[in-house]
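Should a chain be cited, it is by its letter among A, B, C, D, E and F, assigned in written order, with residues numbered from 1 in that chain.
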Amino acid sequence: MVKQKYLDKAEVLIEALPYIQRFNRKIVVIKYGGSAMLDQELKANVIKDAVLLKLVGFKPIIVHGGGKEISRWVNKVGMEPRFVNGLRVTDKDTMEIAEMVLAKVNKELVTLVESLGVDAVGISGKDGGLLKCTKKLSNGEDIGYVGEIQEVNPRILHELLEQDFLPIIFPVGYDENYDSYNINADDAACAIAEAVHAEKLAFLSDIEGVYKDQNDPESLISELHIHEAEKLISDGYVGGGMIPKLKNCIDAIEHGVNRVHILDGRIPHSLLLEIFTNKGIGTAILREDGEKYYDEHA
Amino acid sequence: MVKQKYLDKAEVLIEALPYIQRFNRKIVVIKYGGSAMLDQELKANVIKDAVLLKLVGFKPIIVHGGGKEISRWVNKVGMEPRFVNGLRVTDKDTMEIAEMVLAKVNKELVTLVESLGVDAVGISGKDGGLLKCTKKLSNGEDIGYVGEIQEVNPRILHELLEQDFLPIIFPVGYDENYDSYNINADDAACAIAEAVHAEKLAFLSDIEGVYKDQNDPESLISELHIHEAEKLISDGYVGGGMIPKLKNCIDAIEHGVNRVHILDGRIPHSLLLEIFTNKGIGTAILREDGEKYYDEHA
Amino acid sequence: MVKQKYLDKAEVLIEALPYIQRFNRKIVVIKYGGSAMLDQELKANVIKDAVLLKLVGFKPIIVHGGGKEISRWVNKVGMEPRFVNGLRVTDKDTMEIAEMVLAKVNKELVTLVESLGVDAVGISGKDGGLLKCTKKLSNGEDIGYVGEIQEVNPRILHELLEQDFLPIIFPVGYDENYDSYNINADDAACAIAEAVHAEKLAFLSDIEGVYKDQNDPESLISELHIHEAEKLISDGYVGGGMIPKLKNCIDAIEHGVNRVHILDGRIPHSLLLEIFTNKGIGTAILREDGEKYYDEHA
Amino acid sequence: MVKQKYLDKAEVLIEALPYIQRFNRKIVVIKYGGSAMLDQELKANVIKDAVLLKLVGFKPIIVHGGGKEISRWVNKVGMEPRFVNGLRVTDKDTMEIAEMVLAKVNKELVTLVESLGVDAVGISGKDGGLLKCTKKLSNGEDIGYVGEIQEVNPRILHELLEQDFLPIIFPVGYDENYDSYNINADDAACAIAEAVHAEKLAFLSDIEGVYKDQNDPESLISELHIHEAEKLISDGYVGGGMIPKLKNCIDAIEHGVNRVHILDGRIPHSLLLEIFTNKGIGTAILREDGEKYYDEHA
Amino acid sequence: MVKQKYLDKAEVLIEALPYIQRFNRKIVVIKYGGSAMLDQELKANVIKDAVLLKLVGFKPIIVHGGGKEISRWVNKVGMEPRFVNGLRVTDKDTMEIAEMVLAKVNKELVTLVESLGVDAVGISGKDGGLLKCTKKLSNGEDIGYVGEIQEVNPRILHELLEQDFLPIIFPVGYDENYDSYNINADDAACAIAEAVHAEKLAFLSDIEGVYKDQNDPESLISELHIHEAEKLISDGYVGGGMIPKLKNCIDAIEHGVNRVHILDGRIPHSLLLEIFTNKGIGTAILREDGEKYYDEHA
Amino acid sequence: MVKQKYLDKAEVLIEALPYIQRFNRKIVVIKYGGSAMLDQELKANVIKDAVLLKLVGFKPIIVHGGGKEISRWVNKVGMEPRFVNGLRVTDKDTMEIAEMVLAKVNKELVTLVESLGVDAVGISGKDGGLLKCTKKLSNGEDIGYVGEIQEVNPRILHELLEQDFLPIIFPVGYDENYDSYNINADDAACAIAEAVHAEKLAFLSDIEGVYKDQNDPESLISELHIHEAEKLISDGYVGGGMIPKLKNCIDAIEHGVNRVHILDGRIPHSLLLEIFTNKGIGTAILREDGEKYYDEHA
């Protein structure tokens, strides 16, 4: 007789069937950042999830930041960090290092995907004119080469997806003078998801999701229609870094993305579980007419 | 925290990754017959397995027989079965009923696949001139409209696969006078697998596989190179219905199929397990230069 | 000198030129039923007509019923026919036999087309999800698995036509529970003609056409604009089986079919003559702005 | 009842079926010359034949000469014809007139085809570099701009056929100095048929075909294998203009054309009859392994 | 050291870069007529310009007249020219000669392009049904076969451009009775430019451009917005042959052409210079919202 | 009158015609390194040359090194360079910096191309698995992560070229353990040129070319057949860095590249001049059967 554990394995695969079918050939933009970038095992897991999605018929695009690695290199070359309103000033030199570090991280991710037998191509927002931006001010003050996206030219992404490559993007673009700008990775993921008409956008970071009560770890909300998300902001329920994240979610959905997921990248395979089970891992934001379908929280 | 059982699920999916990748866009011909055709749950499982294979990027083709259903209908219309050398004589009337019953079974399978959201197209060996045959004699004796395949015209299959349909075939063809013939489903699956250059051919029937010692249920052989399969026949180790089956396996491999699987259709998801784990469920026959990779028997 | 009879032959071919040109690459749906299905010679003629249309550049689709053959088999298996309001009750068993018989007829037609050197593919309304239906009541009463078409998914037809196959369809579909239903062949032909934007729809049955005066065989009407057809119904001129037929014709034209023909399948090559001469064989129904062009009745 | 004459018409169309099928999508090169170019009715018939062939699925290419029209214009401009060895000397001026006249004839033929609703494109051997040639000497003597084909570049023809145009060619080409040359239309038709791998090449001229006995009008030969054609030449049976014609036929077949027809263009629709009946109109030359299939002479 | 003259050459090529880039894959219709057709060197220059445009990525189409060559041939065949209101009466015979002469000129141009290694295809307005016309009256009087374009069917042009041929067109078309008509080459170029949505239309003739003051050779106007062009006409500044030319320019721009150039064909490479420098050679007419960008007059 | 200088410009463009035509749609691999990378003006010139080549129909691929910029950054982060046999030891840290610096340079070049209106995509040898390598030893000694190319997978390059992107490559690849390796840019350019079947390979560096007499600046050799190049090496005429460069040239030609150019990147537009004139700028190495066509040295 075949052992039970093997039969159980088959069942898990069969359970994935409706999810694979539902999102077949759909684009999923994965914003990858936070601690999951530092831990080698978590990193390997995220990449495996993305590769699995690709192999079962999704079209994943990874957008990543550089996180703490940039700071480490700024120090390494002995540069003096400057801050305005608590925000890092990105002068020419910092910009140069940021681009170099992001490119390095990019090639690491490309290599991880390649090691799993799938062809990845790592590009920046400059390649193929993907991201065009202008200078972003912080409360009206110039904090250097920090860019705000003005235009996304997704042609290179469509070509790469069409030819079965997995695109991995780091968010550096240029302005009309062809100067380099660092772009917030969440913003880039959001703008790209909109431009390619993604079915899903998933933010993998150190946030577990949205809580009804910040102090009650049991109160994580599995699904939110956008008006509920807007209400959470206007009622002052959420704060800090969650506000721009939620605003990005709402913006993406208003521009045609079907479902946006805030996921804890520290949980192994959170991306896979969110997509392949009807249990919520983090918080999903959905269109007003989107159907809630999580049974319970995983 | 996410519960362990969900993390385990993710692991099962991730383990499938190398198998999905290895056979991506490859054609798998599934001969489906035996008891697995009678039990509704087993039937549903086989179809789910085939659909999952399709959704994760394989190109499955199902070839099926009609098994005991034909006999049931022959009786139902009050016909007198005749036998020669223990073989059923297929006269015009029996042929007509066989074709009708096989068509009925075919549409059931089509409907099952459709119910899982995948488009199936059921055809016979007559459609698109798929199977051309001549009369097959039994020890030189004419036993009626039993056909031997002379030519496979796989154009219709390539078109259906190309357009993302799952083809389901019942083995009735015509000869040069356009008379109808019933064809052995194993032979049809084998000839089709060769004609479409299938990567794999899987026989799902009531046979568990090949045993070293017929009396020792522990002696199931997981993998056989073709010379080993040939030796089992010439040494008289195997007998009965296993000989033509093994000969079909050897023939398929000699004509370019990479791996042929003899699987017990009575084990739920045996097809999926054979393909997605490195445990043998039944017996795999492989090319002389094919690598054995099963760790152990499931 | 070349004999006159050969020159005459050439003239006939040349006369066909404007008709071939006018309908080049246009889809023609042929509903094939009635006596023309029982007589082997008439059957051969209809198939030859369809094959000729295909070879000269039309794109024919054949939709057929099973006619009296279903009744014959219901009797053969010793079933007791039941009737309600004079209509046959299609229980599960009858449905099963109907599907089997229709499939058998389908493969006969496929074989006839193949024997003329053209590749045909026979499918049902289940294949590729072609015909989705609901239960049709008869005066509010449940008469079993008799289906009313709700949705046509013509993808499989477009692919087959594109790849130069001649599709032959028997009208069995499924409902949302994937139960099988028998569908009236006229209804199926009509729905399919609309879904594939056919240029023409031809009903080949035992009806000679529409008469001005039912008792005057000389009063056959060659061409009717739809308002004339509607008037014939509302004025009570036509009755019996002609009413649903005319309604189908009107419906098809209102949904974009250019010209619908009611033809007597018992006249050899009536289809060919109707299309390739400017003499009316039966009755053509045309759009309000369609030009009448028959010179006289053939 | 439908009148017998209409049923007869249908029969003629049905009889064409196997011929249409046999040559579907095959290229037929038609050399059009002789008296059939002067008589307006014959001209219209030839063009109708070619258009019918196109509409029923063949891919005809017409190659034409200018015949007596060139002589007429040479006289018209008051030029003095010069002859060497009985052959016209083609000096620059004559060449210029020949090209102009051929172009005029070409556009007449284009217009005739267009008037039948089919798109024709008329080109010379210069367009797309179709025909490259060198000077052809007559018994070692220079007779001016008479070209011998050295190279055929059929790209333009394949593109026009692919896009469903009917190409009409007049045989003027250039040499390596880009000087213009007049080319024998039979030679051009032959070289083009070889270059496009035509199925058939038909010479429409004032010759009825090949006779066993030149004096016996009943002795026309319907079909000749190439060795028979060669023997007719070597045995001195045929002579005069027939020798180069037969040599062209043999050459075409040796370079891959399947069947070459010598047809009398003065018989209306001789091309159509030769292709659509199993009666020989003129003489067909076939490959050594080609099957003779004419029943009798028409 | 590399000599200065070579560095200068490189600079010229580099200066062409923005112009090449701006018009990449855009269609340019070149009306070629006037003295530039008679002088062999000018002719070679115009053709070289067109070929260069093709090779650097433009899609040129040449439309040409026959100019004085037609008159020469009318005389040559001893015909008596007739005039009405100072316009040549184009009777059947004149039409025939015009077509022949235009075809001859056409093949000369084709040969010139071919000699530069680019494949050209020369067609008339009859080929592929390119130009359909009606009779054009002169002040209400019938002056024979002079055509007014009613319809342009640009399919043949799109196919030729798609397949990388350079189309060369002479303006002879047919009317609904398939009679031949001579069409003014300016009108043809204009209608074709509109039908293929050309980016540019350039008239190469013996006109230097539009002058502010006809008597001041320094007063050539480099660029005119269409309202300025209209004003020049309504104010009576321009006269004679310039009025229909300007009207054609205005018409083309109103139908979607971006920029129309009136160029002096007698200046070598005027076409190239107009396109590849920011100096005006002749006069450019532009859309109301088109930007003027010539620095000065060349 | 048009000024002479403008006519001269036109002439230069026309002179480029045969060169554009000869290499239309051909791939040119440009190895870009040396001083030309440091001087902003020279850099702009090289990029303009590459963009011009692209716009006139070539398919350029740029392969670049990082040159002195890597050393600058090694120092910047305070690392201690180590040397073995005079070669830099590339430990993990150095490798990391090299990759970052090369990526930075890569994006600068991408941005320069983008600023000229052409879409560039910058990738490393890791992307799409372009360059797979093993460790390269120096005289048998391990000098760290210096790679030797084992396999080139040019799929990503073909896709980018097909979609009209200009690929820019920096030579970092991975080995079978997916460790990063720095690869000599000359080697990478050579291997890529071979893999994509480039027509041309151009090395732009600080070398003027090959001299007959190292001490005589007038003795630069314009063209060398490969046997001459081999003889120069075997006779000891050339030495130092020229030997591996010449060996790369010979290797490329033996693997199918048609012509390899050694060019002085310090001469503005040397690439353009070498390709668009028949004057040699540097030294061209050609196949044994390649025709020498430089008139003289520029």
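One rule holds for everything that comes next: contacts are C-beta pairs under 8 Å (C-beta built on N, C-alpha and C of every residue); 3 or more make two chains touch, one makes a residue touch a chain.
A quick map from chain label to UniProt name: A, B, C, D, E, F = Acetylglutamate kinase.
Note that the structure is a prediction, hence the values are computed from the model and not measured.
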Exercise. Within the chain touch network, how many edges lie on the shortest path between chain C and chain D?
Worked result: 1
For this session: Quick one: point me to the chain whose Cα centre is farthest from that of chain D.
Result: A
Exercise. Between chain E and chain F, what is the separation of their C-alpha centroids in Å?
Worked result: 44
Exercise. If you average the Cα atoms of chain A and of chain C to get two centres, how far apart are those centres in Å?
Worked result: 55
For this session: Calculate how many whole Å lie between the centre of chain B and the centre of chain C, each centre taken as the average of the chain's C-alpha atoms.
Result: 37
For this session: Can you tell me which residues of chain F touch two or more of the remaining chains?
Result: none
Exercise. Touch graph across the chains, line, ring, star, complete or other?
Worked result: ring
Seminar exercise, completed: Ordered round the ring starting at chain E and going to chain F, the chains are E, F, A, B, C, D
Exercise. In the complex of these two chains, what residues of chain B are touching chain C?
Worked result: 76-78, 96, 99-101, 103-104, 106-107, 110-112, 114-115, 119-124, 126-129, 155-156, 159-160, 163, 165, 172, 174, 178, 180
Exercise. Contact residues on chain C for chain D in the complex?
Worked result: 2-3, 6-18, 20-21, 24, 45, 48-49, 51-52, 55-57, 116-118, 267-270, 272-273, 276-277, 279, 281, 298
